[in-house]
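To keep things simple, chains are lettered A, B and C as they appear, and every chain counts its residues starting from 1.
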Amino acid sequence: MIKKRVNQIRELLITEASFAQKMLEKSIQGLLKRDTSLLHEVIEKDEPIMNSMDVQMDKLCTQVAALYQLGPKELRFILSTLKTNYDLERIGDHAVNIAQSSIKVIPYGLEELNSIVSKISDETMSMLDDAVNSFVNEDESLAYDVLKRDDIVDHLRDECMRIFSEKIKEKPEMSPIYLELVRVIRSLERVADLSTNIAEYTIFVKKAELAKHGKEEQL
Amino acid sequence: MEDNIIVTHKLRAYYGFTMVLDNIDISIPRNKITAIIGPSGCGKTTFLRCLNRLHELSEGGKIEGRILFKGKDLLKMNPIAVRRKIGMVFQKPNPFPIMSIYENVIAGYKLNGIKLDKEKADEIVETSLKRAGLWDEVKDSLHKRGTYLSGGQQQRLCIARALAMNPEVILMDEPTSALDPKSSAHIEELLLELKESVTIVIVTHNIAQAGRISDLTAFFYLGRLIEYGPTERIFTAPKNPRTEEYLSGRFG
Amino acid sequence: MRKRLIFDKMMLFLIVIFSIVIIVPLFLIFIYIFKEGLSVISWDFLSKLPKPVGEKGGGIFNAIVGTFIIVFLSSIMAVPVGVGTGIYLYEKKRGRFVDLIKVCVDILQASPSIILGIIAYIWIVKPMGRFSAISGSVALAIMMLPVIIYNTEESLKMIPYTMKEAAFALGAPYYKVMIKVIIPSALSGIVTGILVGISRIAGETAPLLFTAFGNPHLELNPFKPMSSLPLLIFNYALSPYQQWIKQAWGASLVLCMMVFLLNILSKTITKRWKITS
């Protein structure tokens, strides 16, 4: 009975996560390859789909919690799934933000920045991928690994900021464009943060430890 | 250091030669509700009946080990003295049918040959029925037979009867399993109030009930104490996989 | 399906027939006794002593009194022993002694009443040197025992174990639990057993033949021979005197009524006092 429902939830989560990842990928690709059709797809088509999945997940989790007496681990799983669901929806939002900023940036052809943007986006997307996998497979060692990589993204962000500040100094009239790029980088950094959240939930479900905010606390 | 009113050391219980409780070491703290949960036949009721030495009255019932009540081994005390300090409420409400409500409440005194003058008796009856949340419903019919009450009221009468002796601990053996949900909820609220003045140890096969009202939960399985700790921890992060399975409804 | 319905109706019919076959004779007997005896019944009959043969009138007062005294003495002897044994059997449940008692009780129950009368004769009448009411009571008491013992044991067994547990859990010592809770709860059953026992022996004749023997006068001393309704009926019915035979019918009616009333009494008590778990 409950196993069926839990599997339903698990599958929906995988679908949702893949979709969020795809949205993010499309936005970045759209920026790097200057393909505005991809960006419009993310904004107009993908976002509504993401939102409906979010609502569906809420419903499923609420039902299970109301109807079944959840054992300890099942309870932690449902609570964490709800949180992951929320985070995935935020990731979708960030993908949309990236798309919107990218549309403004593309006409100015700043290809030289592609490499730094790819670096940070590659790292972020791999963190997200690993975090979601760790949650779905209950792989806590992978989750711990993800937590460590948050620092890498932070460093990359700082480097980006440094480069952009120099560019703005060179050409002050381009500052609105670079500000849009800053938005993109910020969004990517937020996605990396949300990925670490998901990794923390994995640890919570598996070991009942709250590895929140960098500290470990036993339930 | 927690104030533990009952501490058992290597408590073993037998029916004839069959061991039904295997070296139970548990500390029950004062003025809290401790729930004993576990599948049928795990020994939880036997454990309860050791605490007031009712187990010895069963065919072939034997207890070994130590049960310290406020530091003194109650297995070495007079069982009658033990039962006046540790009361019990049973699964099926069992008020004495030959006695009125009034007489039922003070039955403990009558059965022990303790004489009470009318004033004292009236006082005890009123206090006990109030503590059991039954006074308002029966105060005008105290001299009617106890068996005319509803199931939930009868159970509260039994609780009043146990409370009248002013015990320090009340043992409850699945007290709401024979009652409808509303009466059960009533009694659960009552227990939450009572724990301020009395330590409660409750055996229940209703996991949700243990979650709702208990401060500590002990999980028994096949005569052993598998896990024991604060209810919140046991219900969110138990250490033993058996406990996890039982709480997830996978057996029992 | 039809076959089953027919079979069903047939069975019902048979049951009714058999019931009638049993009830009707009993009914007829009672009507006959009533008819024959009613004409003799009068206040004189019930309150006067027998007159010598030949003289008119006379009553059965001494027999009525005798019945009461003998039955009363039997009860005093049988009730404590019977109830006590019943309690013992209830408590011990098994064991060699318990089995022995049960066998003895079974034997007693199956013994012909005249044998018990002879036993009382050997035990009491002979040593005492004369017939007495008390020897009759002893015989009747022995007859009452099995009924009282079984009823007591069964009534006690019907009390749910949870009641005992509740009493123990309040810290009561064993004897108090029995005296204040178990026995009072089982009281209606125990009393019924006693009344059933009494109604059984009230009409017994054989045990009294060589013990109480009978007495034409009013006798209140239990150590002397005493009259009793069954004895009087026995003697009068076998006599050649028409008057006595008539009086025997009257006495029979009186005895029937007494037993009948006792039965009603015991049923009322059972209904009123019955403890339902």
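Quick note on the criterion: a contact is a pair of C-beta atoms (placed from the backbone, for glycine too) under 8 Å apart; a residue touches a chain by one contact, two chains touch by 3 or more.
This structure is a prediction, so every number in the text was calculated from the model and none was measured.
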Most heavily contacting chain pair (counted by C-beta pairs in contact): B-C
Per-chain CA centroid nearest to the all-protein CA mean: B
Far-end chain from subunit B, centres as C-alpha averages: A
Centre distance in Å when subunit A and subunit B are each reduced to the mean of their C-alpha atoms: 53
Rounded Å distance between subunit B and subunit C, as computed from the means of their C-alpha atoms: 48
Chain centre separation (subunit A, subunit C; CA means) in Å: 95
Residues of subunit C engaged with two or more neighbouring chains: none
Residue ranges of subunit B in contact with subunit A within the complex: 207-208, 233-238, 244-245, 247-250
Subunit C to subunit B touching residues, read off their complex: 160, 162-163, 165-173, 176-177, 180-181, 184-185, 275-277
Contact footprint of subunit B on subunit A as seen in their complex: 2, 69-76, 208, 218-219
Residue ranges of subunit B in contact with subunit C within the complex: 52, 54, 57, 80-84, 87-88, 90, 92, 94, 96-98, 107-108, 110-113, 147, 158, 161-162, 165
